[in-house]
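One chain, subunit A, appears in both complexes that follow, with subunit B as partner in the first and subunit C in the second.
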Partner chain A sequence: MYVAVKGGEKAIENAHAWLAEERRGSTNIAELSIAQIREQLSLAVNRVMAEGSLFDPDLAALAIKQARGDLIEAIFLIRAYRTTLPRIGYSNPVETGQMACDRRISATFKDAPGGQVLGPTFDYTHRLLDFKLAAEGEVSSAPESRPRTEPTPHITEFLKGEDIIQDEPSSDTIPGDLTREPMEFPADRPLRLQSLTRGDEGFVLGMAYSTQRGYARNHAFVGELRIGKVAVEMDVPELGFAIEIGEIELTECETVNQFKGSKTEPPQFTRGYGLVFGQSERKSIAMALVDRALRWEELGEDNLGAPAQDEEFVLSHADNIQATGFLEHIKLPHYVDFQSELELVRNLRREAEERIMPREAAE
Partner chain B sequence: MADQQNIAQAARKEWMGLLARAPEEALMALWSKFEAQPSFDWIRSPEVGGVMVRGRTGGTGAPFNLGEMTVTRCSLALKDGTVGHGYVQGRSRRKAEAAALIDALMQTEAAGDIRAQVIGPLSQQMQAAKTARAAKAAATKVEFFTMVRGED
Partner chain C sequence: MSEYNFAYLDEQTKRMIRRAILKGLAVPGYQVPFASREMPMPYGWGTGGVQVSAATLTPEDTFKVIDQGADDTTNAVSIRKFFENTADVETTEETEKATVIQTRHRIPEAKLTEDQILVYQVPIPEPLRFLEPRETETRKMHSLEEYGLMHVKLYEDISQHGAISTSYAYPVKVSDRYVMDPSPIPKFDNPKLEMDAIQLFGAGREQRIYAVPPHTKVVSLDFEDYPFEATKADHPCDLCGAEDSYLDEVIMDDAGNRMFVCSDTDYCRSRRAAGHVGRLAEEGAA
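Entry: the complex of A and B
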């Protein structure tokens, strides 16, 4: 039960003033600028954009500053801002095959056309703290080679020729949009992907890991992982044709999964798909694994009762803003609720005591 | 006739896309130096909004909603009635205004000057930035070599 309670205005006001002071930290230390956060904490910015579901690096950087680095709080701020934006329209589906790749690797084909391009990766670093970063210093510029100009086709295109991998036939079906209509189950794959791409990285990672440990294991290889920029194109009614309205950085992961075949499908490889705003490699691999696990029914696989196969479980708990809202509300005043609970327990105790006491007296 | 229309449309598509993607500072630096700043009337003053970006399942399959991006749009008319539209990434009203003015001027006799002073240099700057990134990526391409096996 919720009852309006007055009081605490002064305490709240003072708490917020102190919050602002603590956010700033020691004034002997230079203040962070939005541009510094955007440029130097870019992977945090990417996560806030992905889970906030709004691509705008400056806004995400501002949210991180305001939230004192609490990324879920920052995502909350972005989600709240997002709801104030009028929806101008829907883009045409981005062409990830045309991506200007900073990074593109395949764990399945060594000699994939386009090659293995590592990009600015943490892989193969020793994960030892680099104390040089604690001191200020110039960074030498990265080496350059002759830029490739030829296209970088998707790896799965090569397997398709042999018909040995499940096809992803193109369609123009209008996808459901969970920002407009509440999610209903069963959810189709486009809705599941929308939910996963904005889902909490830790949750999606945990679900993906559970499939690797044996809960609905689906033997995933990273067929391809690519990071880079794609143009976003949208039909503009007043022009009567589509134009590019911007360019966004994306991480795309396609897994290639073992599949023994089913009653209706021959043995072939199947696919899981991850596509996430920004450079978000862990998230997109995890998304692809969970996407594949959730496809058990359409592929005629057995329901093993694994958490990652249960779309109601996965999709209802992936959103960290829904989760944090419900979780954190229990710390807010519930005085009246608790008062009635207290009365109830006192009454039950009294009744129990009365039941026991007369019997004891009789003995 | 239809061909000419297609060519004109393709050209407009190209400059509008360039203006949408352009970094604000780069565009404003070039545009503020353009001398013949025209007067105009708003048809729709700049409005910040969101566009839902779509992807495809498996990269090629059915569309799905990926998430939104911020876009600012506006429309205006020059004194001679030429209409320009600005659709730019981000939340900058002045960038949208500049894009709409440039779009309008590109349809007038000023097109040559605009191309030489704004569109051309802007395109070069953006291409150079893209090439520099591609060059760094190319330097991280793995060159495999096979170790000789000592079986003989």
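Entry: the complex of A and C
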């Protein structure tokens, strides 16, 4: 007897109920709180904020909990929420030169004003599983010193003083916003940077890595990497001046790239730029490398045909919410298109056999 | 979900989408870029169609959602539920009663009228995409009406396979101007693209909207000596006996026995209600 597969509401409801149960896991184990996720899985929270394009650690932590730790799913939850929020206005550009740095390192100068500040980094940890953590050991508090109060200058400013690094023309033009206007190519640099900062960390990392391995190599040095908090200020028309409305944590990476000059530019250092919400080092360095690779045209370099130089390729595929949606949609029903393919292949086979058969019969 | 606006999207966004729809209707078959929003369902699940429906629906509308021709496929159920929750519109499974029909992969069998709007979910709006991956290039090709590549592809199909080997998402030319992807409907549905109803196509991830106004000329691409042919499984429906409807093939048992049933569930239901009986109807009705 024929029983059609009916998707019915009941099946969907039951699936959701089961999902909720699986998300919770064994009820013999204490439930995770949002605060625990926010405090103890903060790098996951940072990634969700960065790629979700919404700075709110509590909501990001909630999304991670709801998504059972699937970060792309969590990013999706944040994006879908973000898009419903009204735009009250736009902040002034943040001054990363005024950042209260937790971490600030330069790979190009042994020392510079502001110093090298390692901060809370994995860099020199030995990657040995710490079984003490399994026993829920308490941590001893880290030694403290007085924070630097004066602003920490950008390393590239020193190179600029010597006129040996490409100047970035300043502009008061309001940058585009790919969440409000459809992306069109060619995209200008602000749009590219917006796309990269919310792009998938794995994708941007892979693209950046490809440039290091020779697909449009751009000889990057990490001129500076800084992580810390910056104030967000907004002009309030009623007041006539800007007020601070909060602070956010950012990771900023400026690369200094060797450049022998081109048809249009003299020999000098060039720049790549990465700016990402939260402590997101890997992402911001990768972003800077890809940004630099995408600037080939502006700097009069050759198009080597490398993927990371190809703006349309990079920007069209960087978004993991778009990518995962389209990838996973192929599990939805496709009976109708498949049926038409079935008939086509059957027809083509029948015709091919008819062409072959008479020949064989004649042999 | 009362904290959301009618049909989920805010009025500003709906206005932006309506502008794109109107532009699409004014330039039939032209892909209008629009600032697609992130919806609470994934890209690929019909976010383009959902946004077009959200911008089209009014509280007086009656809404129908089909996926693969059926009202009861999971995603059709889910989208219908979404608008029941956010727009509180009447929903129906009966094609005739619906004023807005959102569809994925099919055009209903019943003839649509001037009072209806058909909204398609579109995965890849660009008919030239698999011939030329770059949007910058394909937009140029459309603006220059440079469709030679498409004809070469169809010609190569014939020279290699003896037939045009496109069975769904079969390209059409709209109003003698734009080559358009009718979304992945089977080519059986292509002749129905010339209809009395408004047809709107929404591609969310690709941020494009396009349209075919009522009574617009829509021609499936072909050659004089290899004319376009709308094909379907060579069977009547095993439940309602229809010979003119597109069929799904269902594997019934371990021995691989098949039955063929209308993919348009409402069409099949209404025919059976009118007393039409197919080969396996009794079992099917059980």
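Following the convention adopted for this analysis, the second predicted complex is superposed on the first by the 352 of 363 C-alpha atoms of A that agree within 3 Å, B and C clash if a C-alpha of one lies under 4 Å from a C-alpha of the other, contacts with A are read in each partner's own complex, and residues count from 1 in each chain.
By definition in this document, a residue touches a chain if its C-beta (ideal position, glycine included) is under 8 Å from a C-beta of that chain, and two chains touch if they have at least 3 such contacts.
What you see is a predicted model, and the numbers here were worked out from it, not measured in a lab.
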Is A:Leu193 contacted by the first partner subunit B, the second partner subunit C, both or neither? first
Using the superposition on chain A described above, determine whether A:Asn347 touches subunit B (first), subunit C (second), both, or neither. second
Based on the superposed arrangement, let me know which partner A:Met357 touches: subunit B (first), subunit C (second), both, or neither? neither
Given the touch rule stated above, what does A:Arg82 touch, subunit B (first), subunit C (second), both, or neither? both
For subunit A, which side has the bigger count of touched residues, subunit B or subunit C? B
Could you look at A:Leu43 and tell me whether it touches subunit B, subunit C, both or neither (first, second, both, neither)? neither
Taking the superposition as given, does A:Phe185 touch the first partner, subunit B, the second, subunit C, both, or neither? second
Partner chain(s) touched by A:Ala20 [first = subunit B, second = subunit C, both, neither]: neither
Do any residues of subunit A touch both subunit B and subunit C, and if so, which are they? 82, 86, 179
Taking the complex as given, what residues does subunit C use to touch subunit A? 4, 10, 33-40, 42-45, 47, 67-69, 72-78, 81, 105-106, 123, 134-136, 161-163, 165, 167-169, 184-188, 205, 207-208, 231-233, 238, 246-250, 252, 259, 261, 263, 280, 283-284, 286
List the residues on subunit A that touch subunit C in their complex, please. 1-2, 4, 6-9, 11-12, 76, 79-80, 82-84, 86, 179-186, 312, 316, 321-322, 324-330, 332-337, 339-344, 347-348, 351
Considering the complex alone, what residue numbers of subunit A touch subunit B? 49-50, 53-56, 58-59, 82, 85-94, 96-97, 100-103, 110-111, 115-120, 142-148, 154, 156, 168-179, 189-191, 193-194, 197-198, 231-234, 236, 238-239, 241-248, 250, 252, 254, 271, 273, 275, 277
Report the residues of subunit B in contact with subunit A in the complex, numbered from low to high. 9, 12-13, 16-17, 20-21, 47-71, 73, 75, 85, 87-91, 130-142, 144
